[in-house]
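The structure that follows is given in the form of C-alpha cells.
For clarity, chains are labelled A, B, C and D in written order, and residue numbers in each chain start from 1.
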Amino acid sequence: MTEMTYLRAISDGLRTEMRDDGRVLLMGEDIGVYGGAFKVTDGFIDEFGPDRVMDTPLAEAGIVGTAIGAAVVGLRPVCEMQFADFVACGFDQIVNVAGKMLYRQGLPVNITIRLPSGGGFSGGPFHSQNPEAWFMHAPGLKVVAPSTPEDAKGMIIASIRDPNPVIYMEHKNLYRHVKGEVPEGSYETPFRARVAREGSDLAVITYGGMVHTALEATHDLEGASIMVLDLRSLVPLDEAAILAAVRECSKVVIVDEANQTCAAGAQVAALIAEHGFEDLDGPVVRVASPDVPIPFSPPLEAAVLPSVDRVREACRQLLEY
Amino acid sequence: MTEMTYLRAISDGLRTEMRDDGRVLLMGEDIGVYGGAFKVTDGFIDEFGPDRVMDTPLAEAGIVGTAIGAAVVGLRPVCEMQFADFVACGFDQIVNVAGKMLYRQGLPVNITIRLPSGGGFSGGPFHSQNPEAWFMHAPGLKVVAPSTPEDAKGMIIASIRDPNPVIYMEHKNLYRHVKGEVPEGSYETPFRARVAREGSDLAVITYGGMVHTALEATHDLEGASIMVLDLRSLVPLDEAAILAAVRECSKVVIVDEANQTCAAGAQVAALIAEHGFEDLDGPVVRVASPDVPIPFSPPLEAAVLPSVDRVREACRQLLEY
Amino acid sequence: MATSSTDVPIGPRTPAEESPPAHLTADDRIGLLRAMLLMRAIEQRAMNLYRQGKVPGSFYDGFGQEAVSVGATWATAAADRLCVLHRDLGAHLVRGVQPATILSQYMGRDAGVTSGRDGNVHFGDYRTGCVGMVSMLPDMMLVAAGMAMAFKLRGEARCALTWFGDGSTSRGDFHEAMNWAGVQSLPVIFILENNQFAYSTPIDQQFAVNPVQRAAGYGFPGVTVDGNDVEAVFEATRGARERAIAGGGPTLIEAVTMRMHGHGAHDDMKYVPKALVEEWRKKDPIDRQSARVAQLGGDVDALRDEVRAEVEQATKIALAGPMPDPATATHRLFHPRDADEILTEDGQAPWSGFRR
Amino acid sequence: MATSSTDVPIGPRTPAEESPPAHLTADDRIGLLRAMLLMRAIEQRAMNLYRQGKVPGSFYDGFGQEAVSVGATWATAAADRLCVLHRDLGAHLVRGVQPATILSQYMGRDAGVTSGRDGNVHFGDYRTGCVGMVSMLPDMMLVAAGMAMAFKLRGEARCALTWFGDGSTSRGDFHEAMNWAGVQSLPVIFILENNQFAYSTPIDQQFAVNPVQRAAGYGFPGVTVDGNDVEAVFEATRGARERAIAGGGPTLIEAVTMRMHGHGAHDDMKYVPKALVEEWRKKDPIDRQSARVAQLGGDVDALRDEVRAEVEQATKIALAGPMPDPATATHRLFHPRDADEILTEDGQAPWSGFRR
C-alpha cells in the first residue's frame, strides 16, 4: 500500500497494465510528449515510446474509430478524451460502431475510453459535463465511475481487461483533492457497488465525485445512521446492492452531478420505484444539477452543482418524513 | 377537418407553415427531388423550389451546423435526419452548439430537427432507434413526440414557431398506419400532455408510437378503468399532468419503446417516485425495450419491442396488486 | 458533373485489342467472372424473395457494380482485413462466404451471418477476415484505418481495405480517416465507389471537386479506374496493396461506375435520366468480362448455368432454415471475460499471385 | 514540418522598402496598430489578474497572433457576421466590444459579455455581429457557413467569417464545412490560424499536407499570408470579401503565425524549441506595424500610453463590478415565444473603405 492521489492511481493502473500487456496502447490528444492535459500519462512516452503512447490528430471520431479497428485485430486501446465534453464529437463511433459490433456480428471491441468529467472549478459549459447517462442509454457499452484511488486503479485495469467497450468516468475534481491507500502491483476492482459507509436510517446512493460530497454531507447528521452506497459501475448497474440498501434503510436520497433529466439517478430511482417499492418509507429523493449548462462564474456554478448543503438538507428533510 | 395519415399531417403542417412564413427552410438528404425517404416532403420542391427544400450533402453535422447559422441570422430551418439513428452523426452540433447558445450568450436558435424514429418493420440496429432520451439529457433542447395526425400537424407548426431548438420525434410506424381527423389551416398544439383516454383504476403514461399500443392493450381489461396519458412533449415535461394522473389512478405503468436504461420512462418514474409517492398504491411499473440494439429478424424484434401483450400483462398484474 | 468519369475512357475495347493482364492467369480471369455472375445471381434471386415477402425490411443490391467489389477483393491476401459496404456482395463471395449463408442473412434466418440480428447487406463474416459495416457512412473508413494502424504498429505485412460511396465522402469521418491514414502513412486502401448517385442525390450536389483529387491534400495518391472493368479494378488494388505492404502508405482508388438499380428495392429511381442508364447498360461489367473469357475459350454459358444451379441450391437450403429463437434476442450483449477476443480469421485469397 | 510557413518569406522588410498599401489610409494603419496594442495590453493585464486569482478557471491569449484577428476583422463590414475563436480578441475590439466588458468576462463578472455564464475567450457579443465560439473545434465553421448560406439565399451582400487553428483542421467538421461552402459557393471566409501547434501537438502530427492546399479540392482558392503582417492579413481578407460579396464563393486564408505563449496560462510550453520562439519574437506583429506607423510620423509611444491608460481604466471598472446573482443561474434556458428572435446587430466597421 502507498498513499497517492486519485490521478496518480489512474496513472499507476495504466502503467501497471501496459507493463503486463504489450497489447495495451494509449491514444489521445497531447497525451504523449505533454503527458496529457491533466498529466495522467506524464512520462509514459519515455517508458513506452510514441507508438504505445500515441499523440493523435485533433479528431475524436478518429481516435475512437481507429481504436475500434485496432481492437478488432487484437490491440487494447485506451482512448483519452481531453475533456469528457469532447466525447460528443466521437459519439457516433462509440454508440453505433463500438456499442453494436458484438451484438450484431459477434466481434468484441476491447477499447477503454477515459472521460475526465465533472465541474467545480469554473470549467464552464464545455469543460464540466457528466455525460455518462448518454452512454448508459446506448446498449453494448459498460460505464464505470470510481470514486477512490484504490478503485480508480483497480477499475482502469479491469476496464482494459474487459473485452467490451468501457466508458471510464474520472471526475476531475478527484484528481488532486482525493488521496488514499493504493495496493501495489496489479489488481482488479469488480464492476459492482461498494458500501462507502454502513448505515440504517437512510441510504445515499451515488457515484464518482458525489461520493465524497455525500460522505461529507452525512458524516454527522444529528446522530442519524446514514449509509452511503458508491455504485462504482453504472453499466452493469448493481441492482442487488441498490435494492439491498433500500431494504436496509427504507429511505433513499440519490445524488448525481449530471443534469437531472434522464440522468443515472433517474434510472436508479426508477429501479427502486418498481422493485423496491414495498421497502420504501418515503419518497425517492433526488439531488442533481438542474437542466442547464454548467455556468462558469463561481457563484453561478455553485448554485447549479449539488453541494454538501443541498445533500445534507435533502437527507434531513427525508429523515423527518 | 379532413381525415389523413400521420405522415400526411406532418406534410400538411410543414406546407402550411412554409406558405405562411417565408423564413421557413427545409434541409435534408433527398428531401427535394425525391421528396424524402418517407415522402414527407413529396412535391414540396415544385411548390417552394430547391432553395427552400434543400437537398443537402450527406453530412448530418453539416445539416445541423449550417441550420444553426441560418437560424441565428433569421431563417427558420427544419432539418430532416433521414432516420433518427443518423442523428448520432450530428450529435455534437445539436447538444453543444444549438443547445447552449441561448443560455451562454442570449442568442436563440430557432431550428427544428425531425427524427423519423422507432422500430417494428425490421429496420434493424441502425434504422429503429428512439434516441429522444439523449436529447432530454442535453439542456436547452425541447423534445416533442406527437402520436396522432392532429397533434403531428399542430406540433410541427408549434415547433417551427418556437424560437428554441426542437427535436421533433415522428414514429415511422405511425406514418401510414395511423389516420385521423385533422383541422384545416394553421394551428398549434401546445407542448403539454393529453389524456388519450380517461380512467381511474390505473394510468398508462406513454408517448409517440406506444400511445396506440397502450390504447389497444387496455381498451378492455376485464372492465377496469384505464387512463392513457399521452405526454406529447418530453421537454418540457408536463409534470402536473403526470402527477394528476397518479393522484387519479394511484397505479401507473410507464411505457416507452426506447432501451430502458435512462429512457424517458425512467425520468417519468423518478418524478413520480419523488413527487407522487404518497398517491401510489403500487410499484411504478415500466415497460420498455431491453438494453440491446433493435434486432432485424421479425421474431427477434418482436421479442424486444414492447408489445400489446406485454403492456396488457403489466397492467393486469398491477391491477391485481 | 464534377466527376472524373468524363476524364477516363469507359467502355470496352474488344478483348482482341487488349493486351493480356500482367498479373492474372486464365483461371483468375474466369474466377473474376464467376464471382460477378454469382453476385448478380444471388442478388437477383434475393430480389425475387423480397418481392415474395420472404426478405424482411428493405433490400439493397450492387447491380452493375459487381466489378468493384470482386476486382478489389481478388487482390487481397488471406491475412488482410476488409470492411465491406452495401454494394459489395462480391467481396463476401471472394472471401468465402457461402451463398446459402448470404440468402439466410437476407431473410433474417438463424443461419445468416448475423443470425438475424442485422439484415440485408449489414453484415461481415469475421471468419473471412471481414468486419461488417454499420449504416452510418462512412464510419468504416476509420475502422479500416485503425486495423491498418495495428498492422503497422506490429510490423505485419498486411493491409486493410474498405469501400464507400460518392455521397459518403461528404461526411466528416471521410476526412478524419483520410487525414489519419496520411499522417501515419498506414497500409490501408480506400475505394471510392463512384456510382453517380447517393440515394437520389447526384454527385454535383455532393461535391464541387471529385474527391479522388483530394488524396494529394492528404499526402497520398488518388487514382481513378474504370469501375466496370473488373481486371482494371483488380490491377489498381493490387498495385495499391503492393505499395501499402512495402510501407508506401495509403491509396485512394476511385472506381467510376453506375448504380443501375434504385437505391433500394423500393426505389424506382425516377430521378435518374433514362439515357444515363442506357449508356451505362452498354458498359455492363459482366458482359465485358464474359467477352474476355470467351476470347480465352472459356464456356460462359456453362459458367452461367453452373452459377444458376448453385444459387438455386443455396436458396433451397436457406428457405429450409429456421428463423432465430426469440429467446436469444437479448443474448450476447457483452463478451465473456475469459473468452478469446481476437476472432477475425483469414479469408479466402483466390488470386494465383498468392500461390506462386 | 508540412507547413507553408517555410514557403512564404516571413519577417519585416523595412517600411521604407515597402510600397504603401493600396486600401489603407494612414488612419487605418494607425488604427490597426492601436487595436493590436489594445489586444495585447488587455491580455497582459488579464494574465496578471489570473495570477492574482481574479480570473477563475483557465486563461488563453493570442500573444504574438494579434495581426490575424485585427487585420481580418478590419476588412469586415458592419453587416457581416463573425464567429470569433480563442486567439482572436482583436476581432472583438475592432467590432466594438469594450475593454471593461472583456475584462469583466474574464473575471466572471455580471458585466461580462455572457454575464458569467461562460468564461475567458468563450464569448461573442451579438450586439457587434459576432456569434460566440463553442469549445468544440472547429464547430463554428459550419455555423459561419450557415450564416453565409442564409445571406446567399436572401440575396444579401454580406459575408460570414470565422477563424480556426491548425489542429482544428483534423476534425470532420472542417471537411463538412469546406465541402458545404464549396458545393453551395457561399460567401464565407475561413481563416486558418496556423500557429504551428495545437496545444502541444506540432503540425506535422496533425497533417501530412498543409490544409491550405486542400481548398482546391473543394473548389475554391486557398491563399497563404504572413500572419504577423496585419496589413497583409487585412489585404487578403479584403480581397476574399470582395469575391464573396460578388458571388465568387468562399476563400480559405492561411495566416502563418506562431503561438508565443503556452496553450493556456497553465502551460509552460516546454515542448516548444526555444530557438523557434526566438526566431518568431523577431517577427512580432506589433513591432512591425509600429515601425510603419513611426515611418508615417505617428507617435507610437503616445499610442502605447493611451492604450495603457484605457486598459487601467477598464480594469478599475471591471473590478468594481459585481459577480452575477446566483438566483439567475437557471434563467434563460429557453427563449420566450413572443420575443424577437433575430438579435445579432451590426458591429463597428472602422475601415475607411466603408466610408468612402
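Heads up, the rule we're going with is that a residue touches a chain if its C-beta (ideal position, glycine included) is under 8 Å from a C-beta of that chain, and two chains touch if they have at least 3 such contacts.
Just so we're clear, the structure is a prediction, and the values are computed from it rather than from any experiment.
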item	value
Identity of the chain that, by mean CA position, is farthest from chain D	C
CA centroid of chain B to CA centroid of chain D, Å	41
Centre distance in Å when chain B and chain C are each reduced to the mean of their C-alpha atoms	37
Chain C and chain D, separation of their C-alpha mean positions in angstrom	46
Residue list for chain C, restricted to those that touch at least two other chains	114, 117-118, 122, 134-136, 170-173, 176, 179, 183, 205-207, 333
Chain B: positions in contact with at least two other chains	56-57, 59, 61-62, 85, 88-89, 92, 96, 100, 103-104, 125-126, 139-140, 291-293
Graph class of chain-chain contacts, one of line, ring, star, complete, other	complete
Interface residues, chain D side, partner chain A - complex	56-57, 108-109, 114-120, 122, 134-137, 167-168, 170-172, 198-201, 205-207, 271, 323-330, 333
Interfacial residue positions of chain A with respect to chain C in the complex	25, 51, 56-57, 59, 61-62, 64-75, 92-93, 96-97, 100-108, 110, 139-140, 142, 161-164
In the complex, chain A residues that touch chain B	85, 88-89, 91-92, 95-96, 99-100, 103-104, 125-126, 133-134, 136-140, 235, 237, 258-259, 261-267, 269-270, 272-275, 277-278, 280, 282-286, 291-293
Residues of chain C defined as touching chain D within the complex	2, 170-176, 179, 182-183, 185, 205-209, 211, 213-214, 216-220
Partner chain C, residues of chain B touching it in the complex	29-30, 33-34, 37, 55-62, 83, 85-86, 88-89, 121-127, 290-293, 295-304
